[in-house]
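Two complexes come next, and they have one chain in common, chain A, joined by chain B in the first and chain C in the second.
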Partner chain A sequence: MRLKGFVKKETLQIIRDPSSIAIAFVLPIILLLIFGYGVSLDAKRIPIAVVVEKPGPETNQFIAGFRRSEYFIPKHMRTIQEAMKAMKKAQVNGVVWLRENFAREYHRKDSPPISLLVNGVDANTAKIIEGYVQGVWLNWLEQHGLQNGIHLKIPVQVGYRIWYNPEVRSRNYLVPGIIAVIMTLIGALLTALVIAREWERGTMEAMLVTPITAREIILGKIIPYFILGMGGFMLSFLVSIFLFNVPMRGSFLLLLGSSSLFLLASLGMGLLISTLAKSQFVAAQVSIVVTFLPAFILSGFIFEISSMPWPIQAITHLIPARYYVSILQSAFLAGDIWKIFIPNAVALILMTIFFIGIIHKKTRKRLD
Partner chain B sequence: MRVMSRIMALIVKEFLALLKDRKGRLVIILPPIAQLIVFGYAATFDLNHVKFAVFNEDRGIAARDLIARFEGSKAFDLVANLQSDQQITPIIDNRDALFVLHIGQDCTRKLLSGGQCTVQVLVDGRNSNTALLILNYVREIIYRFNEEWTANHGLGTLPSRLDIRAWFNPNLESRWFIVPGIIALLSLVVTLIVTSLSVAREREAGTFDQLLVTPLRPVDILVGKAVPGLVIGLFEGTFILLLTVLWFRVPFTGSLLVLYSGLVLYLMAAIGIGLMISSMCSTQQQALLGGFLFLVPAVILSGFATPIENMPPVVQKITYLDPMRYFLVIVRRSFLEGASLDVLFNQFWPMAIIGLVTLAAAAWFFRHKVY
Partner chain C sequence: MSREDAAITFDGVSKAFQTGRLHVQALDDINICVKPGIVTGLIGPDGAGKTTLMRLCAGLLVPETGKIQVLGMDTVKDPLDIQSSIGYMPQRFGLYEDLTVMENMNLYADLQGVPGPKRPARYGELLNMAGLAPFTRRLAGRLSGGMKQKLGLVCTLVQPPRLLLLDEPTVGVDPVSRRELWNIVYRLVRKEHMTVLLSTAYLDEAERCDEVILLHRGRVLGHAPPSFFSEKVRGRCYYVQSSSMRKRPLQEALSSREGILDALILGRGVRIITNTPTLPDPLLPDTKNAIQVKAVEPRFEDSFIALLKDRALLESSGVKGLSMDRRADPENSGDVIVVRDLVRKFGDFYAVKGISFSVKQGEVFGLLGANGAGKTTTFRMLCGLLPITDGHLEVAGMDLRRAATAARARIGYMAQRFSLYESLTVLQNLVFFSSVYGLKKRRKKRRIEWALSAFELEKYRDVDSKTLPLGYKQRLALSAALLHEPDILFLDEPTSGVDPLARREFWARINALAESGVTVLVTTHFMEEAEYCDRLVIMAQGEVLAAGTPEEMKARFATPENPDPSLEDAFIGLLEAQESRGTA
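Let's look at the complex of A and B:
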């Protein structure tokens, strides 16, 4: 009964300050739209300078490969100096350079070089460009060989299949990942200030003199925000599936279950910040620092965890989003894989218990 | 003179508000340093120790040589030798291996008789960027193998060679790209921590109304609120910069003057946005939400982790409003390319405009609450 009244009071507070509702419903929409439409690691239509010092049939055929490729926009330039200037001005990301004696050496079978100079500042894009240029080059070798009746001998060839995401749409893994970031923000932002606010306004002391117990205070702070947060999750889920056409290969129930576990962990983290900080100002500062960036960088959502040095990998285990990202990517793209779901879900439960345990201890102390 | 001393008093008061509380001090000073170190190591697109499994049906020497090359690569760690193709699906499903290298039965025999052999690479595409990078590494290894195989077996040379060189970052270390970016990231976070709550906090406590009835003009209040952000931002920016050069050993080839002019403009723009958000809000909860509604898109659309060129044209236009976009270019190109002021000029003035507009808006909102 007491709990019911307390939940009602919290709910009224949520309704009075629309910022909580905005956190649950406006924030996810804005972030999903930006991520879904804006963010992509699929480099396409890369501007690249092409310098052919002495055009001929061999070089024309090679260059045609770039025009056909959806990955490049070739820009013809007359001299390498001109091309390098364009690269310095960041007008092109790379330069393909066929020197004057290319055709002559080619016919003498001297294996003349085709130079590719890439701008290495963005190393990731540079590597992707290298891969694409190699593809164009191998294509040309094969075609050219066939036309001239030379059986080209590339001994080992690579056949590949990319599972779960055969068309390599980066949106398919970025959108599930952003749900983890969104849920981290929703959970922590909703609750980061609520206990600190009570301390600051003195209403916590007022509550201490009522018969309400610490457990009821914590539950009363979690229940309404949990409902709000799950609303935010449903919204994100629907947008991902219907607007961004991310495939959903696992079962919805499992996803819902793990999302509620994760939301509890995030709400717990927010309440913990709030309990320890005791002032809204510090709580807000802490939540800016500990929520977004760790969930963005250390969760495995953009940067591969297994490639990080081991001490950093150890730190990632402290980030609840890490477990959720793993579940999300499998649930959306692969299906119900219990060997991934169970350990990650257990980790989320343990983190929730840990957070709530500390909050309980700290709140009770003050009640004494 | 009187005005100056009043503003000074306000600045001192703002610093006290930020730093007098031990917890508050810790929040402003500790996380940026810790995060630079952690993120600097974490945020890399280079692959290390990627787990892979081999399903080898060929007992010949070519397969052994090929597998040895994969094992020898720093990027890959062999975790399992599979005995049947039924084992492939579970090992990828469970993420015990990120890819499986499958060499079919007669690979060596075909190669020795002058033929070709196709090896299958099955990659986990749940993170499609990692999948593409894995394929690139795989192709690189196979390319080297082919070169040596053709040379050793008298098969002649390929009709041409592809000679790849990377400028400004010869080893293509993505750390050189990401760590300078973290300078921009953390300066933004620190500035927002300092500014985005400052007015809302006083509004909530009621002290902002008192401030408004003092002889201080809105401009004076603005200066008082902005200076701590600038000082703390510059201080931490410098510290992070030093760590980037001394700890992460990213070469700095540009001009400090260019970098610092960029940093000051960037901080002014960030302060302007932070104060504008803060002065539009009446509670800290709202300001916190506002801060995040700016911070998260600003980081995501800045080009920090995913290139702006990959975004659709409409979104690319939105990024012009993001000060981080400009400063990222300045800091990255200063570090790696040693870019000069004339090359970077177009990154400077937009930040100045963003700063001026938002600072003016903040001052206006001091007396015109939105909500």
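Let's look at the complex of A and C:
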């Protein structure tokens, strides 16, 4: 009866409090829309300046390679000065400069006939431009050689096949990844806030002096926010599949199971924060720094963990979102891969046990 | 009484807190024994250790030394058993503001394990007693302060507890709700043989308790029926009036007289406590002023002050002259503050509904009312902190809408909770506030020195203001508000939370200021404090219920049964009159 009463009260509060609804439903939708529509890590339609000092059939052919590509929007410029100016104004991200001696030098196989200037501020785009220009260049060499009856001998041929995300759409891994962030938000931030609010308003003190046990208080907080969090998960899942057409290759049940595990771990973190932080301000700060930001940065959702320096990589092992993001990405894009699922799920189980265990030990019905 | 029968026993209990480098000994070797079936009042100023003692009883804190038994159970060993048989209302009454009255009651009934069939009868009884029956579906957050307090009490009572712990249940509540709260408590004690331990900082509430535990700085000064305390000062309390002397100079003269322990302004005269039952003769050194003296019944507060002063627990020696080196302006003794039909709306809600009053120079003027009466809103408009919705407002001869900055340079403002920078030292606070007021060089130096000496802050000058005793914080805040020698001083709930002694000292300073021509406007919900005012208005729900001198107000409610009503009686009378007008 005590637990039921407590859960009922918590549910009524969630329904009446616009900020819980905002964090549980409105914020996830906004995040999903931003990451689904707004953020794209694919470099496409990059403006690039092309300076051809002396047009000829060779150069036209070369330039056509850029024009056909969906990655570039070439802009013709007369002089290199003009192109540099455009680069400085950030109107273009790169300059391809074919000097007047392009045709002649190329025949002589002498000094490099193409200059490529790349704006390196955005390292990601810079790399793409560099690689692509090289590709166009090789392609052109090959074509040109064939036309002239020379078969260019490339000793190794690369055959591409992109697995799991053949269209190379960043949305396909960003949207599943954001689910981890959303669940962290509901699990850790929201619970930490609502408990801190009870301390601030003095209601916690009144609760402590009733026959309710510490365990019932913990359960009474976990149950309603678990349900709310799973609601957030379902919402995000449906939006991913039906709005953003993210493929779902694994089994839904496994995903559901691992999501509830992750949610429990997040709730554990939220409860733990709230036993330490007794004002809403501190609780919000701590949970953003300790749970929300790591879920964003260190979970492998945006930034690849294997390319981080080893100390940072070591830290990521402490972030529950890391394990969940691996499961999410493989479940959506690859299917049920037990080798990925099992170790990550075990890690989540251990973390959940760890957090809930500490809370159980720490939560006493006392003020000192 | 044997200790086995007691509801609560403390045996050598001490408790200290460590916040940063600050070590606070909240309770020091407490030995008490609370009798069952009666109301015991735990009385003491803020910081005396009342809340700590309450929390120890409820098993929320663990004593450092000593042993506590509640209803025969040990608070450290069986806190859960204790919590199943007591009701506890913390200071902020533990209501969920986003739940309705009924939902709050259901929650506590679930937690206390009240079986469903028993609920309707118990609920009905409690709701009727608290006058909450018509509001069961209203959100607790939408209730008035007094109603919230009563709901908080009702929630702790859904399962009839054997022991009821109430931590400052009457703080900030209007006198009517306060009286109702006491009625509920007494009805329960009689009907359900409940034991009640109730803490309060209002000394006048002591007389309503069966027994009183007097707590001061973590120590028990006494534990006895309230009359026992008053008996100690019987024959030492007198009321002095003079036809030729105004009350403030009379009080000043009396309080500096040898043999007089305490002198307090009350109504038109001064109430004094003497050191011995014999009155010093002559009472005043100069005999040209005619005075009348009559013996009066001792009150609990008299004994509290006497007890503290007898034990020499007071280190302060009274107030030095507060001569402000200000330009005298005797000609202009007209109205300094004029308020006509002042209105302030917040959305659809009228916080202030067209009030009018005026204040003369050198007057101490009070705005009296419960929380939510519109005092603070009025105040903020007077200080130019809040724009007015409608009406006319004139401060120091200036229209605030046009000359807010110029008017502000002539007023001093001391906010509730003092608004000091707690991480700065006393001196740094003074330097900061003097720069804010635009004081420069010599004048700045002179005014800071004045503040340090006139308010006896010299020994604390390099102490962080966070660690100052509350009374000293109040002094610092007052001195900061006076740095630029304002003509008008605004004090918003200046004495809430400070002990009665600090409150006396504070008023001695205010009186001295008023004598030197400063106009003082003060808000308060302490009825006794209103006695210090020359004139006052009583506010409720944004309206002025009455205006006049304290004597005029009291005279309106004098009846044959109650020929000498207190200001609180007058206040309650006014509120009831307004309510009957509202329902008619």
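Just so we're on the same page, the second predicted complex is superposed on the first by the 360 of 368 C-alpha atoms of A that agree within 3 Å, B and C clash if a C-alpha of one lies under 4 Å from a C-alpha of the other, contacts with A are read in each partner's own complex, and residues count from 1 in each chain.
What we mean here is this: a contact is a pair of C-beta atoms (placed from the backbone, for glycine too) under 8 Å apart; a residue touches a chain by one contact, two chains touch by 3 or more.
Nothing here was measured: the structure is a model prediction, and the numbers come from that model.
In the superposed model, A:Ile337 makes contact with chain B only, not with chain C. With both structures placed on the common chain, the touch criterion links A:Asp17 to chain B and to chain C. For chain A, the partner with contacts to more residues, out of chain B and chain C, is B. In the superposition on chain A, contact of A:Arg2 is made with chain C only, not with chain B. When both complexes are overlaid on chain A, the residue A:Glu304 reaches chain B alone and has no touch with chain C.
In the superposition on chain A, no contact is made by A:Ser259 with either chain B or chain C.
Of the two partner chains placed around the shared chain by superposition, chain C is the only one that A:Leu208 touches, whereas chain B remains out of contact. By the touch criterion stated above, A:Val286 is placed in contact with chain B alone, chain C being left untouched.
Within the superposed three-chain model, A:Arg161 lies in touch with chain B and out of touch with chain C [touch as defined at top]. Once both structures are placed on chain A, chain A residues 17 are touched by chain B and, in the other complex, by chain C.
By the touch criterion stated above, chain A contacts chain C in their complex at residues 1-2, 4-6, 8-9, 12-13, 16-17, 201-203, 205-213, 365-368. Within the complex formed with chain A, the residues of chain C that make contact are 17, 55, 58-62, 79-80, 83-84, 86, 88-99, 103, 106-113, 155, 165.
Taken together, the chain A residues at the contact with chain B in this complex read 17, 19-20, 22-23, 26-27, 30-31, 34-35, 37-44, 46, 87-90, 102, 106, 109, 111-128, 130-131, 133-134, 137, 141, 144-145, 150, 152-166, 168-170, 172-173, 181, 185, 189, 192-193, 197, 277, 279-282, 284-290, 292-293, 296-298, 300, 302-304, 306-309, 311-312, 315-316, 326, 329-330, 333-335, 337, 339-340.
Against chain A, in their complex, chain B makes its touches with residues 21, 23-24, 27-28, 31, 35, 38-39, 41-51, 62, 66, 92-95, 98, 107, 111, 114, 116-133, 135-136, 138-139, 142-143, 145-146, 149-150, 155-170, 172-174, 176-177, 185, 189, 192-193, 196-197, 201, 204, 283-289, 291-293, 295-297, 299-301, 305-307, 309-312, 314-315, 318, 332-333, 336-337, 343.
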